[in-house]
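Given below, in the form of structure tokens, are the structures.
Shared chain: subunit A. Partners: subunit B in the first complex, subunit C in the second.
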Partner chain A sequence: MVSKLKTGPLGLQSIYFKDAPGLLSWASIAGKKEGEGPLGSYFDEIIDDAAFGQDTWEEGESEFMEAACKLALKKAGLTAKDIRYLYGGDLLGQLIATTFGIKNMEIPFFGLYGACSTMGEALSLASMCLAGGFADNVIATASSHFGGAEKNFRFPLEYGNQRPPYSTWTVTGSGAFVLSRTKGDIVIRGITTGKIKDYGIKDSMNMGASMAPAAASTIYQHFQDFSSTPENYDRIFTGDLGKVGQEILLKLLEENNLDISKQHRDCGIEIFNPDTQNTGCGGSGCGCSAITLAGYITKQMLEGSWKRVLFVPTGALLSTVSFNEGQSIPGIAHAVLFETRKHQ
Partner chain B sequence: MKKEPSKDAYNQYVEEITPKANVAINCLKAFITGGAICTLGQIIKNTALYFFPISEVSAGLWVTVILIFLSVLLTGLNIYPSIANWGGAGALVPITGFANSVAAPAIEFQKEGQVFGIGVKIFTIAGPVILYGIFSSFIAGILYYIARLMGWMA
Partner chain C sequence: MVSKLKTGPLGLQSIYFKDAPGLLSWASIAGKKEGEGPLGSYFDEIIDDAAFGQDTWEEGESEFMEAACKLALKKAGLTAKDIRYLYGGDLLGQLIATTFGIKNMEIPFFGLYGACSTMGEALSLASMCLAGGFADNVIATASSHFGGAEKNFRFPLEYGNQRPPYSTWTVTGSGAFVLSRTKGDIVIRGITTGKIKDYGIKDSMNMGASMAPAAASTIYQHFQDFSSTPENYDRIFTGDLGKVGQEILLKLLEENNLDISKQHRDCGIEIFNPDTQNTGCGGSGCGCSAITLAGYITKQMLEGSWKRVLFVPTGALLSTVSFNEGQSIPGIAHAVLFETRKHQ
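After this line comes the complex of A and B, so read on.
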């Protein structure tokens, strides 16, 4: 495992942070179904009303994000004025959930679209900004919403249809993180930015198969760049590959002589119980990895169960237009390396 | 990565490991659901013929109207999706499925307004069925007309 003297580019796709930026505080706001899942007890708040007291799914999703940002700020003992930049995104067209959710906080804003990998993209850019000395505190956030995503990408919720057994269920929820240049018990030691990988999968319900090559590519390159092996990590969390995607990821890496089966977990697999919740292959959406990180992973790290975790949210970069026009589904994955500060 | 599969090899591998729906069980569920809906239709028709002095054609129309009403009502109460999730094509092929496909977008897109919401999007799912249904009837009508002119059909 690499240990460098200074912050800078590492290998082909990574950055190493010597004085690593840290997570000052975080918050997870989850929907009802997520609250009923195996990770339910880890979330800060569970909102039973999917519209969060609003008229539409979209406004509801904005409320989830605003609530997550405000709770994270409150936990950090800061106000919106202390935040230099906000990096955030969601799945809806033109990022409307994020835009309307954060507009009243009046924080300088970078809107990000990385499909379901957005949480990793936001944390990557936020940590670069801090390590570069351009800010003391920034926020990284992402959200998704089952109702909004179904309406936007598939069918109205009231429409009766059968989901194939390999489909995934979009998570309703938002996770937000306040990052600090110098403080925090959990730090970001480095990042590995993913390349777009397209192996020609065309079934938009089979998200796991379209994203697994991107996850494999990013994780493989991370090991190369950091001169590390799977044994150096307590856990490697992908975002929302689901069961099919997990099987593919392990096989693709195995063919390159990497066995991560002991360390690998998938946020989408952890968040729902497919037997009782009818969620198919697992959870998906930006919110899936965001609330799993903010609720579950950070807690395990604070308690000392895990000291080094690679967080790799995965995104399927399709739109209804590209799908209808017969294009395949490109995938992307961004890795963020978390360590507990004591572990240095 | 050092070793990457070819696109063809990858797609073939994905096809192999992706779990498939059980066709036999799905067919049975569809048979039960579709059969139940059609039985209900037959009950309505027989009841109408028994109690009211109407023709068979009129009784058939009552079946259609009542089944559509029930489907829209169950869609509004968010019960129909559960029936369709279990029964699959058995719930989608009868006229109740068509009614559901019209009612569902109307409910979902009502928030976007009477014109651009309901007006534009009410037929997003049913539209193709209506368009190609009418178009194929048109073609069939022309063929029937020609066939009669030529004396091939009575």
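After this line comes the complex of A and C, so read on.
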């Protein structure tokens, strides 16, 4: 049994929710490659067609998000009219996957961009809204798409570019969560909101290295703010650092006398099998942490295997313009603390 | 004297803040053309160099935002360490203007994308955070840049493309606001959060037409939720509909028996003189409503000319990818209700 965490003070970057909002339902819609990976059996639906029946990858990504939101609503026994706000985002310029994915649901909408940290940002803002008493039910969602992301950030797929071994593979999929002010067996006990960290990395293929300092900063501050230690947690999941980023994260924290090597997992490392799937050092994208949380992590918590999990999606803040103009790639990471309700 | 608005219920899309957060300070940093326009004398600083001393427009836009945030902090007598969260965004893909503009301040950051509605989105989320008791001081900011936006969304400036008369001119500038949980002579009394509205407009030069239905929807719902009428407001400011969008807005509302023609103003119409500045049917961009609020509207309220203003930034949700793939241009609008504190 994990010991109870100290309540408050808020510390420098965190909020502890005394009346913690909960996850009422969730859904994960994953692409073909994700379905063939180690977590494949955990996803609600596997869609073999990358365009999801649409004409383009971008429209396809919208379909993944809409399907995830609708399935989460169905599981909760709710309709879009019951949802006060939708917090969501994706990786594409101007959030077009989200815009066209959610527009027909007609839910008041806050568009978010945190690169691959977006799922953490959405859950953070959604839980603040609920804990503040401003809604009964909200949705938090995020998506990404391999084809759309390669086209947006790197090379056309037809070009067949070589990928360095430290590159990551953008996950195709979307996770959606219906959050409730009072209900749900898994609650959001707190959040630690990230600052932008820039260590001057300029290689857009090496996103693990650009995000690791941000993850280290947020995780370190989380323990400070909650007066907790890694032993108080069953798992600490970063979003998509991959193997290179994980090494840097563990090293940076060790330098600050914090050893999370026992608890640390990375959604990007868990989601693919690099030996058989040719995915470089792991999966990435907003969808990576979103479907790993909606598919895998929540299941372990519901079954009682894990009682307290720190979920820390990580984002690399670049665009092709900033990259081509020679700017560095700063990172950001937003931590969300999940607990099983029984454990309170 | 404007009569007091009914408190609650929340209605379908709005929040009424009983303990209303306030504007502690604000700053507007505007470009040369904006400085030469009708509102020029209201801005804190006019920067003649579009690159603000940097190598690129994008880096220049970051400078505008950083300068606005720093000046607002200075006016409040605060430093970045006193700010719990920063809510901000811009128009560029992956929010690079914001990322590089705010990263050195090291404030926990929520990245937002609402196209030109971003200032309204940032103020909405910031005020929910404060009214929920999760912070004492936060910053809300947004920026846009003519050169950067043309390059991102339309044509290279060097190409010298023709602009149809219904096109708008992206404002170069940034507005920043320090919001306080308890202080400030101007308060945020409520918010009405927008839904995405899509009337099938496909002309990326005609953004007024794509945003007007969203503005009409949000404004109509605001009056429903607050049981108020246009006569209860001194002004109702949309963000950047321009003259074409304004006509459509007024017509759509008239069809719903709502006449806001006396109170309605549009930041995009106010900020330029179309006869002498060749700006089509008005200004646009996140920066347009941001600097009009920070420069002009707040000044009228502080001087007592206006006691209650509904501020409704409007966003056109497109990217070059969605546009080139033949998608429509949906709109969104977020309303923020300002009152002078004396008026409470």
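Miscellaneous remarks
Please note the rule applied: the second predicted complex is superposed on the first by the 335 of 344 C-alpha atoms of A that agree within 3 Å, B and C clash if a C-alpha of one lies under 4 Å from a C-alpha of the other, contacts with A are read in each partner's own complex, and residues count from 1 in each chain.
The definition used in the following text is that contacts are C-beta pairs under 8 Å (C-beta built on N, C-alpha and C of every residue); 3 or more make two chains touch, one makes a residue touch a chain.
Only a predicted model underlies this, so the values are computations on that prediction, with no experimental measurement involved.
By the touch criterion defined above, A:Ala67 lies against neither subunit B nor subunit C after alignment on the C-alpha atoms of chain A.
Partner contacting the larger number of subunit A residues, of subunit B and subunit C: C.
Once chain A of one complex is fitted onto chain A of the other, the partner contacts of A:Leu123 are absent, as it touches neither subunit B nor subunit C.
Of the two partner chains placed around the shared chain by superposition, subunit B and subunit C are both touched by A:Thr56. Of the two partner chains, neither subunit B nor subunit C is touched by A:Leu23.
Of the two partner chains placed by the overlay, neither subunit B nor subunit C lies in contact with A:Leu241.
Once the two complexes are laid over each other on the shared chain, residue contacts for A:Ala216 go to subunit B alone; subunit C is not touched. With both structures placed on the common chain, the touch criterion links A:Ala142 to neither subunit B nor subunit C.
Residue overlap on subunit A between its contacts with subunit B in one complex and with subunit C in the other: 55-56, 151. Every residue of subunit C that touches subunit A in the complex is listed here, in rising order: 10, 13, 15, 55-56, 58-59, 85, 89, 91-96, 99-100, 102-103, 106-115, 121, 124-125, 128-129, 131-134, 151-152, 193-196, 198, 317-322, 325, 327, 330, 332.
Of all residues in subunit A, only 55-56, 151, 155-166, 199-201, 206, 209, 213, 216-217, 220-221, 244, 247-248, 251-252, 255-256, 278 touch subunit B in the complex they form.
Subunit B meets subunit A in the complex at residues 1-5, 7, 10-11, 13-14, 17-21, 26, 75-76, 78, 80-85, 88, 91-92, 97, 100-101, 103-105, 107-109, 111, 125.
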